[in-house]
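The two complexes that follow have subunit A in common; it is paired with subunit B in the first and with subunit C in the second.
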Partner chain A sequence: MIQYTLQRVALALGIVFAAISALYGVMIALPGDPTSVLLGPRATPEMRAVFREQMGLDDPLAMQILNFWARVLSGDLGTDFFRNRPVSVAVMSALPHTVALVFGAIFWSASLGILLGAFSADRRNSVLDRVTGVISVAFIAAPSFVVALYSLLLFAVTLRWFPSIGAGEPGDLLSRIQHLVLPSLAIGLAWVGYVARIVRASMLEVMGESYIRTARAFGLPRRRVVYNYALRVAILPAVQVLGVGIGGMLSSAVFAEIVFSRPGIGTLIYTAVSDRNYPVVMGSMLVAIGFFVTCALIADLINAALDPRHRKAK
Partner chain B sequence: MSRFRHTLLGRLARDPLAVMAIVIIAALVVMAVFADLIAPHDYTAMHMTDRFAAPSAEFWLGTDNLGRDTFSRLLQGGRIALTVGLTAVIISGVIGLVLGMIAGFGPRWLDNALLFFFDTLRAYPTIILALALAALMPRGLTTVIVVVVITSFAEYGRVVRTQTLSLKHAEFILAERAMGASFGRIVFHHILPNVLGPFFILAAMNLPVVITIEAGMSFLGVGVPPGTPSWGATLKDGFDHIRQTPWLILAGGLPLILVTLGFTFLGEALRDQLDPKLRSGR
Partner chain C sequence: MTDTLSVRDLSVSYDTRTGALQALRNVSINVPAGEIVGVVGESGCGKSTLIGALLSLLSENAQVVGGEILLEGEDILRVPPRRLQAMRGREMSVVFQDPMTSLNPVLSIGRQMRDIQYRERIPEAEKSRRAATMLARVGLPDPEAKLHAWPHELSGGMRQRVAIAMAALMQPRLLIADEPTTALDATLEVQIIELLKEIQREIGCAILFISHHLGVIAELCDRMVVMYAGEAVEEGPVEAVFQRPAHPYTAKLIECDPGRLRERVTALPAIPGSLPDLTDPPTGCIFRDRCDMATDICARTAPPRVAVTPGHWSACHHAQTVSA
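Right, the complex of A and B next:
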C-alpha cells in the first residue's frame, strides 16, 4: 500500500507539473510580446522593462518554466497588476467559495444518487426501477448550465424561494447555505444520475455475494441486509467516480458561479480572461488543476485502501 | 423481416428509448439542415416593436432583446451546434484512435508516455481550459473546435488503448499471428473492427458534450463571434434579460436538453446492443 501510495502521489505531482508547465509554455511561446501577455495591455513601458528583466524573458523557454516553478514553490504566484495585489491573495480568497460549492454538489449527488441507486437495485426490474433508470440518464444528460439557468428562473426569479445573487452574508451560516442550495444542485444533478447507476450496478453485484446470502439465511431482515450490509460496500465505486468527477464539477462551477453571481475561482478566471489579466488566469488554473488532481488522488487512495483488488487493476 | 430483427438497427428498433433517441436526433438534423426553409422569419431581422415577445402565432418561441425571432435563431444555432459537434468529434476521434492504437501496440515506454500525456490533458477542467485558451486565441468557431479537440481526444485514446491491449493477447490474434499474418492485416482486419464498437459508443456520448461545451463557451462570450445565433449566445441574451422575459432561457435551453438526451439515450442503447457483457448486468 505504501508503494502504491507513493506511485500515485508521484504520478499526480508529475501530471500537475506537466499540465501547468505546458500551459505556461504556450502562453510565453505564443507570438506577441510576453510582457503584454503577462502584464496585460495596460502596462507601462517601464513596467515591461522591469518585468522582462525580473522574469528573465530572454532565457530559454525551459529555464523560464523552471523559474516559474521556483517562484510558485516559494509561494509567489505573481502579481495581479490590475488590482495591485499578489495573485495568491486573489486566488485564496476565491478558493473557499468554489470548494464549498463543489462539496455542496457532492453532497447532493451522493445523497440523492445513493438513495436512488439503492432503491432501484432493491426493486430490480420493476417499473419503478425502469423509471429511475431513465431519470438517471436524463439527469446525466442535462447540461449543468442549462440546469443552473432553469433553476435560477424557477426557484429564484419566479418563486423567490432562494436568493439569486451572491454567496450570502459573511459569518451568517444560514444565509451561506441558502445561497449554496441552487448552484450546488445545478452542478450536482448530473452526478446524481451517475452515482445512482453505479450504486445500482455494484449493489446488484454485491447482493450475489455469499456473505449477503448467509446474512439472509441467518434470518436478518431483508431491509437491513440491503441497506446496511450491501450498500456499505456498494458505495465504494461511487467514491472513485465522484473523485474523478470533480474536474467536471469545477467546469460546471464556472457556470454556476456566473449564473448566480457568486465569488469563486470560476468568476475569478472569467473576469481575468475578459480583462486579459494573465497572471490571475495562470494562478487560478494552477489552483484549479491542483485541487482536481488532489481530489482524484484521494478518491483513488481511499478506494485502494478499502479494496485491495483495485491496487492491482491499474 | 426476420433477418432485419437481428441486425443492429433491428435490435435498436425494439428498444423504445433508442427509437425516441433516433426520432429526436433525426428531427434536430432535419431542422438544422433545412433551417432556411423552415424558419418563419429571417434570423437577423429585428422587429423592434415586438421586443421580448412571448410565444405567439407570429413568433413561435417569442423574440429576443432586439426583437429577433427566437425559433428561427435556434434553427440556425442547430447548424452551428452540429457543425462544431461533428467536426470536433471526428478530429478528436481520429487523433484518439491513432494514438490509442500506437499506445496499445507500441513498446512499454511509449505506452507509458502516451498514458501520461492522456492523463495530463484530462487534468484540465474543460471549461476552465477553454477560458484560458480563449484568452490567447482569436474568438471564433476554429478556436472552439481546437479547445474541444484538446480536451476530448485523450478520452478516445484511453478507450482505444485499453481495447487494443486486451485484444492484442486474445487467442484469435495469436492464432492469426502464428499463421503468419502481416502486422497490417492484424491491425486493420482484426483489431480495428473490434475497437470501433466502444469507439462509436463513446463518440455518440461525446457529441452532446461537445455541443454543450460550444454553447457554454458562447454563453461565456469566448465562443462564437457576437451576433452569431449559437444556442449558448441565445441563453446569454436570456440571462442578461431574465427580468424582462423568461422565454429566451426556456426556449434556448430546450434544444440543448433535447440534443443531449437524444445522443445519451442513443449511446446507452448502442452500448446495450454492442456490449452483451453489460446487457446481462441489467
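Right, the complex of A and C next:
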C-alpha cells in the first residue's frame, strides 16, 4: 500500500509539472498583450518595454517556464502586477470557496447518485427504475449554467428558501452552508445522473457475479447481499469517475461562481485570463490543477482501500 | 433410512424466444443420509439447472413447472422465503465450480467466513476462532493469517479449500458440490476429493456431487445418477453402473472416457449425433436418435424405469439387454 501511494504521488507531481508547463506555453502564444491591457492604448513603447522586462516576458519561453518553477519551488507564486499583491494572497483567499463548492458538488453526486443507482438496480425494470433512468439522463443533459440560473430563480428568488448571491458571512458556518446549497447542486446535478447510471450498470453486472450467488446460497439476508456485498464492488467505477470528474466540476464552478457572484478560483481565472494577467493565471491554474490531481489521487487511494486487488503496485 | 434430499419429478423450463425450453423433465434423485451421490452428464444435460433449483437460485426466465424438492422432508419449493433463507447455508450449503470467482474479491476471507455465521449469537472473536479452526481442518497452513488474506492472494486450490471450509462451517445436512474440481489441475483434484470424503465422514452430511468427470464420480461416490438432455436416465450404486451399465447412453459415456484408453488413437471416441432440441423434445425415448439399439417402441413411448437389480434402474426399454 505504501509503495502504491508513493508511485501515485510521483505520477501526480509529474502530471502537474507537465500540465502547467504546457499551459504556460499556450498562454504566451495567445494573442493579446498584458502591457496593452494594463497600460492602455496610449502607452509608449518604452513604458511597455519596461513593463515587459519587469514581468519577465522578454526571456525565451523555456527560460520563463524554468523561472516560474524556480519561484514556485521557493514558495513564491509571483506578483499580481495589476493590483500589486502577491498571487498567493489572491489564490489563497479564493481557493477555500472553490474547494467547498466542489466538495459540495461531490457530496450531492456521491450521495444521491449512489442511492439512486443502487435503488434502480435493486428494482430493475420496475416503474421506479425507469423514472430514475429518465431523471438521471435529464440531469446529465441539463447544462450546469442553466441549472444554476433556474435554481437561482426558483429557490432563491421565488421560493426564497436559500440565499441567492455571495458565499455567506465569514465565520458563520450555517450561513456558509446555506450559500453553498444551490451552487453546489447546480454543479453536482449532472454528476448525480452520471453516478446513478454508472452505479446501476455496475451493480447489475456485480449482481450476476458468482460470489453474489455464493453469498445468497449461504443464506445471507438479501439487503446485506445487495448493499454490502454488491454495492461495495459496484461503487468502485463511480469513485474513479468522480475523481476525474472534478476537472469538469472545476470548469462548471466558473459558471456557478459567476451566476451566484461567489468569490473563487473560477472567477479569479476568468478575470485574469481576460486581463492577460499572466502571473495570476499561472498561479491559480497551478493551484487548480494541483487540486484536481490531488482529488484524482485521493480517488485512486480510496479505490485501493476499497478494492484490495488494486493495491498491488503496477 | 430416510433420505436427506429427495427430488421428485422435478421439471424446470426456461422462457426463450423460440418457446419454453424444458431443461429438466421429471427428474427424481434421492440422496440418503450420510451418502455421497454423484450426478454425471455432459454439458447441457441440466446439471446447472438442477443446482439452481436446489438452491432456489434459478435465473429470472426459469420456472419450476412441477415436482418437489424435499430436504429432510421439507419442500424447498414451497417453504416461505424466511424459512428458505434459514435453510440456505445452515441445512444445505454449496461449493461452486470456479474458486476464482466464487469468493468476494473485496472482502477478506475472515470477513466472509464470519458473515456466514451471522445467525449465531456468539462474539465475533469466537466466529473468527471457528473459521480458523475450519481453515486448519481443510489443510490450509497458518489459518489465523489466512483470515486476513484477500481471495486474490490465494491460489486456486487454496481458494477451493476456503470454499469447502465455508460450506462445512455450519455443519450442514446436505453439501452440494458443483463440479468443485473442474477448474483445478489433476493433482489438486485428487486432494480436494480426499478432503471432501474426510469432511463428509466428520460432519456426517450427505453430499450431492455434480460432475461431468466419470473418474471423479467413481473415486468419490456411493451412488450415481446419469443425466441426459434434462432427464435422469440411470441410477444405481457406482460399481454396478460402471460394470454393468443398463442404459445405452451410460454405456457410451463410459466408452468415451479418455481415462479408459489403453492404446494411442488418432481420434478420441465420441457419441455421434447431438442433443435434441429441448424446446420441442421428441416423443418416446429422448436418446433414441443417437442410440444403436433403438426399435419401434423407443419412438412411440417414453421408456419406464426398469429395475435391473434392486437399487439400480434404467429408463430404457432394453435395459435388461444392455446390462446383460
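In the analysis below, the second predicted complex is superposed on the first by the 251 of 314 C-alpha atoms of A that agree within 3 Å, B and C clash if a C-alpha of one lies under 4 Å from a C-alpha of the other, contacts with A are read in each partner's own complex, and residues count from 1 in each chain.
We adopt the following convention: a residue touches a chain if its C-beta (ideal position, glycine included) is under 8 Å from a C-beta of that chain, and two chains touch if they have at least 3 such contacts.
For clarity, every value in this text was computed on a predicted model and none was experimentally measured.
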| field | Fit-or-clash call for subunit B and subunit C when the two complexes are aligned on subunit A | value | fit
| request: Pick one for A:R216: touches subunit B only (first), subunit C only (second), both, or neither. | output: second
| message | Touch test for A:V233: subunit B only (first), subunit C only (second), both, or neither? | response | second
| Is subunit A touched at more residues by subunit B or by subunit C? | B
| So, does A:L306 touch the first partner subunit B, the second partner subunit C, both, or neither? | second
| query | Which value in Å is the smallest Cα separation between subunit B and subunit C when the structures are fitted on chain A? | reply | 14
| task | Using the superposition described at the top, list the residues of subunit A that contact subunit B and also contact subunit C. | result | none
| note | Within the complex, subunit A is touched by subunit C residues 55, 57, 85-90, 93-94, 96, 98, 101-108, 115-116, 118-119, 150, 152, 163, 166
| Along subunit A, where are the residues that touch subunit B in the complex? | 11, 14-16, 18-19, 22-23, 26-27, 30, 37, 125, 134, 137-138, 140-143, 145-146, 149-150, 152-153, 157-158, 201, 204, 247-248, 250-252, 254-255, 258-259, 265-266, 269-270, 273-274, 276, 278, 281, 284-285, 288-289, 292-293
| request: Over in the complex, which subunit B residues touch subunit A? Could you list them? | output: 17, 116, 119-129, 131-132, 134-136, 208, 212, 215-216, 219-222, 235, 238-239, 242-243, 246, 249-250, 253, 256-257, 260-261, 263-265, 268, 281-282
| query | For the complex, which residues does subunit A have touching subunit C? | reply | 209-211, 213-221, 224, 229, 232-233, 306-309
